[in-house]
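Scrolling down, you'll hit the structures one after another.
Same chain, two partners: chain A is paired with chain B first, then with chain C.
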Partner chain A sequence: MIAFTGRALFDLLLPPAARRTAGAVAVALAAALALIACVSEQPLRAWLILLTGPLPELRQGADGAWHWQRLVRFGTVLEDTINLTLLGLAVLIPFRARQFALGADGQLFLGALAGVAFGLAWPGPGWLALPLACCAAMLAGGLWGGAAGVLKWRCGANEMVVSLMLNLIAIECYRLAVSRWLRDPGAGFPATPFLPPAAVFDPLIAHTGVGWMLLAAPLAVLAVALLLGRTTLGYEIRVSGAAPAFARQAGLPVGRAIVMSMALGGALAGLAGFHVGHALLKRLPVDLAPGLGFEGLLVALLARHQPRAILGAALFYAWLRAGGQAMERSTDVAREIVLVLQALVIVLVMAERWPWRARGRHWLGRMRAPGGTSA
Partner chain B sequence: MNADLLGWSGAAVLALLACLRAATPVLYAALGGLLSELGGKINVALEGLMLVAAFSGVIATIFAPPGLAPALLPWWGAGAALLAALLLAALLALLHLECRADLIVAGIALNLLAAGLTVFLLAELAGDKGSTARFATPALPSLPIGGLDGWPLLDLLLNGEAGRGHHVLVLGAPLLALGLWLFLAHTRPGAWLRAAGENPDAAHAAGIPVRRMQYLALLGSGLLAGLGGVYLSMGYLTLFQADMSAGRGFLALAAVFVGRRSLRGVCGAALLFGAAGVLATRLGALDVPPQLLTMVPPAITIAVLALPGWRRRTS
Partner chain C sequence: MNVSPRLELRALAKRYPNGVLANDGIDLRLARGEIHALIGENGAGKSTMVKMLYGLEQPTSGSIVLDGRAVRFDAPQDAIRAGVGLVPQHVQLVPSFSVARNVVLGAEPARWGWLRRGAARQAVRDLARRSGLALDPDALAGTLSLGQQQRVGILKALYRGADLLLLDEPGAVLGPDEAGALYRALRALADTGVSVVLITHKIADVLEVADRYTVLRDGRVVATGCSRDASAAGLAGQIVGRALAPAIDKAPLRRGAVLLRARALTRTTGSAECLDGVSLDVAAGEILGIAGVEGNGQGLLARALAGLQPREGEVGLIPQDRLHDGVAPTLSIADNVIASTYRRPSLSRRGWLRRAPVDALARAMIADFGVAAQGPAQPIGALSGGNMQKLVLARVLAAGPRVLVASQPTRGVDIGAARALRERLLALRAADAGIVLISADLDEILELSDRVVVLYRGAIAGHFAGPGLDARMLAGYMTGARRQPNAAACIDSPFAAAAMEPA
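Moving on to the complex of A and B:
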């Protein structure tokens, strides 16, 4: 009886899913240490920098006052956290309708493009230009995401392939627009002109892109949690994903739920694009690297499709990315190990059972059985 | 053989050859994708498999055992590349079939793993994050076909503009497609594999080793995508670059869907995508934006996926 309540309390404090996620992260971190040890002269130092590099330091200066050090690196953690939170949510919403939409990348590119194009074309006062540019970015991303949804709903086209193809088209559109129509002739490389100073966010931390968009991440998480948990549309999305046959039988508008889930996800990816364009870069280079959308997928998977866990998962990955950069700068280990680490975490989180573990439990059970202890 | 003398027909043959060369890696990966799809286990990790094979081939030739004869060096690299691709495919198969991980998610995770691991090991082993351009690495040999002096066009087609023959993997692609057709249509394991893909439960009830067929589909697709990767780094170019596969694996996946799971359709789609890539680079000299042509394969894919459903609904 006592054992039972102890177990229940343990489950309450640390639910099994969270335990497994934590275990997966721990195993992946250990694997990263092993991989670093294969290639590095000082593996432990590199590994510790990977984990603690982004931490800002409080140091006493020569004048006796205390200063925060390494705030810029911590700023990149916050910047990445905002991006990854928005992209994670962008992948999560269609996921809950069981739509494997991988279009966040293209939606981000189009969102950034629409936001910056608006900011350049309409130099109005900042308090009006910023929200309007934000709406333009979300609209562009939402329409692009909704397009994949409509193709799925009306034509039954496989949403994964369609969204991957829409990504390719969106990225080419972006490159075409930046290199042909929005190009700054004064720049030495193909890029748009800088946005007017009134139309960008002032940094909260000096020399970083951390601005008031910092609030967007928790607000978006809250909004998505409310949408999925407390609204009719959210209920329709969840039921269409969990039990499509039942939803159809009950007369729920499954098609509409699918399209809306993809459009809302697209709008959030567009918002991430707005953040990239207006808060981080302030101008758009033609060779903006694709691939961030897939990291949003990793965030959503690590959070096990729970909106409230997204922020933590995004922070964890942003932390690793900044730590990887710090490690690359001060040791002989390349930062791409972070990608390996992320993939390992996902593989470990996704595996539903381990054949050798089941076998081990089987042996353990046989050893215990003669003793007569009850399970 | 001078192409100018042959006029338009010669130019057409040359353009065809350029398309064939560009389409070869996509074709190999698409054949792999088709095999996995017919086995009912669509392999999303084609991109990562190509990347890992391209990387392992070049790295294996750089770190070859010292006593190896130079003529054997590319074959040693190709063997290592195929082994690496097979290992990654085996990891995917184990994760999905034994650990019950979602096939698509595991495939995407392996793509990321491949992208990260190749650049990480490139930086550590070759000392450069961009490419292995510092090292001279060999290509697999080309095979000239003799006795064609009387037929200039045929000679041009079969031996290329330099008259040195085609890369062995370019020649191998149609043969492999033929072999895959023979395997799928005319052998017992081929029929079993298709049955396991069509309806695993019925196949299992009929006594077909379904699990083994699923392994076969995934491992075979890894081997085929690996051949595409070998061609990229030991034929098309003779070095490894970071992100060398550049979306070809995803195009191959699209080709499987565009080809509607038929061997002929998949080959046609892969050739079409290769041709679009060649045109995009050729038209860079004109005023046509190359981006527009790069959009053609994805646009075709979307149209092919969407149109039949649309017709069914409206009629």
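Moving on to the complex of A and C:
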């Protein structure tokens, strides 16, 4: 009995799923060390830089005062964490309705475009312009996401294909708008003008884009956790995803839940676009790189589609990326090793059970299976 | 001369992780060259036994003995190596491959990794001739009839060296001519020393095809013997069993107004299941039992009735396959039980679920229906079938349906829980709801129903008054041997003649 309660307490503090994720991360980090050892003269040092490189450093300057160093690198970790958190949530919500929507990229582009276009067109006081631009960005992303949902619901169009195609359309629309209608004639390359200073976030850390949007990440996590756990809409989304036949049979509005899940995911991706436009870049270049949306997918996978795990997963992902840059800069190991490491973590986390324990016996049996012998 | 039987089962038992005891101490002996019929109703445990024989499931206790040696099958490969072959009802073939390539698929004659097509054709041709299963090795599998596909399935098993064949209800999908041809081929095989286990729910198969038979009911062997000494009436009694005494107290019928009216429901699908002009009424305070061999349109009827608009209130449905659409197995008990009622003001307000009342409701249902569960947060999929079904019923009843369509409400449920579920249905009847009870369990139909109809090939084969109804007479209607002309189950439809014809 005591053993049982001890076990229950342990499960409560560290649920089995979280234990497995932690185990997968540990195995992947160990594998990274092994990999680095194959290519590096000083593997341990490179590995430690990978893990600790993003940390800011406290150093005594020549004048005897203490200064934080490497804050910019730490700032990029935070910037990436905000983006990845929002994009991870943007993938997570549709996934909970069993919709593999891959449209976060396009929604991010349209959100950034809508936010910046609003900021340029209406240079009002900052306290009003910023929230309105934020709403415009979320609305644009939400409508784009909802469009894929409506196509799925009304026409049965596969959401994966549709959202990928909608990405292409959104990105080309973005490029058209930036290079033709919003272009700053004074800039040497196709980009929008800078947003007016009143309509952007002041940095909290000098020379970085870390601003008050830092609060948006935990707030968004909280909002999504409440949405899924406490509202009727979230309930409809969860049931429709967990057991569609059951949801239909019980009379739940499955189609609406699908559309709403994709629209809400789109709104969050639009918010990430707002963050990119208003907090990080302050202007939009035509060659903004696509692909961030897919990293959101990986973050959602890493978090096993649990909202409360998203923040940690995003931080881990951003940390590895910054650590990889640090490692590349100060050792002989290329940053690509980090991509291998990321892939390893994802594969290990996604593995439903680890094969070498489960079915080894049967594989042996199959190898011994005889060829054809006729009766 | 080998005196030990080809196959012997000793006290074989299987309990599934959800607690269902599917096989309970099965003993069986099968000699070389014997055709042994395994007969019983749906859910009697036939499939479970075959799965264990083929290594798809592992017995909880007891042993499988082949030629006097106890064996253990962890996977079908082990069973194949021991000479056991399974021929499923629907043989899976590659339609664009020839018969020969389908037969050798997975065990192709090869040299240096290259297929030897000529050798494959020759081997299949020889095998077909020797076993008396006439088939053209070059015909495309996609062009074969169902009966021919089953022959390919048998050839596949023989090609892999099987001399103990398990056939899963081969006659059920065949016409009489094809079935006859298949059975003649089986007899010829048996004469060459192949042993056959023939799973069936047709009494005629036992009498005409098999040497010996074993009757399963509720996972136990209730009878075994020589087919020569068996009679149709005797077998029917053994298969169906007698009603469990003591019966549940049933209040006298107080039939009210007709709540649900269905006229000439007709539906065709791609498969054999259809509905063919079914007319029925359900009145307040009565239970209308739908009997019939499974696959005669019950599923379509349940869905059609659940989609109808009754005179007042709603139709509630207990789905036939609870893991598919009766519960969301990965979600909590609380999430499951509110699915029909979560929009009510008592459970949600302005789009926010009210956690405390939701939990309280789940707790109340768990207590009320005597569900063995840890609490509202436990995933419902972790419960046993009976406990899950109690919560399905609790959820459906919470919506206050005026008409309830209960499809196989006690399937796979242990006896105590089944009794509790039946009592709930009777309580609902006493509360003036109308109930349609669709069940493969004749005892249940007879115990609860005020009126009974038999469904055969999508049409109503007979309409009966519930009290005093005899299971053996219903069996005649269920197999299509008897039929009431223009039968319907409207409130004023005539009942079929209740007299039993001499066999």
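We take it that the second predicted complex is superposed on the first by the 346 of 375 C-alpha atoms of A that agree within 3 Å, B and C clash if a C-alpha of one lies under 4 Å from a C-alpha of the other, contacts with A are read in each partner's own complex, and residues count from 1 in each chain.
Rule of thumb we're sticking to: a contact is a pair of C-beta atoms (placed from the backbone, for glycine too) under 8 Å apart; a residue touches a chain by one contact, two chains touch by 3 or more.
Remember, predicted model here, so these are calculated numbers, not experimental data.
Contacts of A:Val340 after superposition on the shared chain: chain B is touched, whereas chain C is not. Once the two complexes are laid over each other on the shared chain, residue contacts for A:Ala243 go to chain C alone; chain B is not touched. Using the contact criterion defined above for the overlaid structures, shared-chain residue A:Leu233 touches chain C, although it does not reach chain B.
Set against each other, chain B and chain C touch different numbers of residues in chain A, with B touching more. Looking at the shared chain after the overlay, A:Leu252 reaches chain C, while chain B stays out of its contact range. Every residue of chain A that touches chain C in the complex is listed here, in rising order: 230-233, 235, 238-239, 242-243, 245-252, 361-362, 365-366, 369-375. Chain C contributes residues 74-75, 77-78, 80-81, 104, 107-110, 123, 126-127, 130-131, 158-163, 317, 319, 324-331, 335, 338-340, 342-343, 348, 351-353, 355, 395 to its touches with chain A in the complex. Put simply, chain B touches chain A in their complex at residues 44, 95, 98-102, 104-106, 108-113, 115-117, 119-120, 123-124, 129, 247, 250, 253-254, 257, 289, 291-292, 294-295, 297-299, 301-302, 305-310, 313. Only residues 35, 39, 100, 102, 151, 154-158, 160-162, 164-166, 168-169, 172-173, 175-176, 179-180, 294, 297-298, 301, 333-334, 336-340, 342-344, 346-347, 350-355 of chain A touch chain B when the two sit together in their complex.
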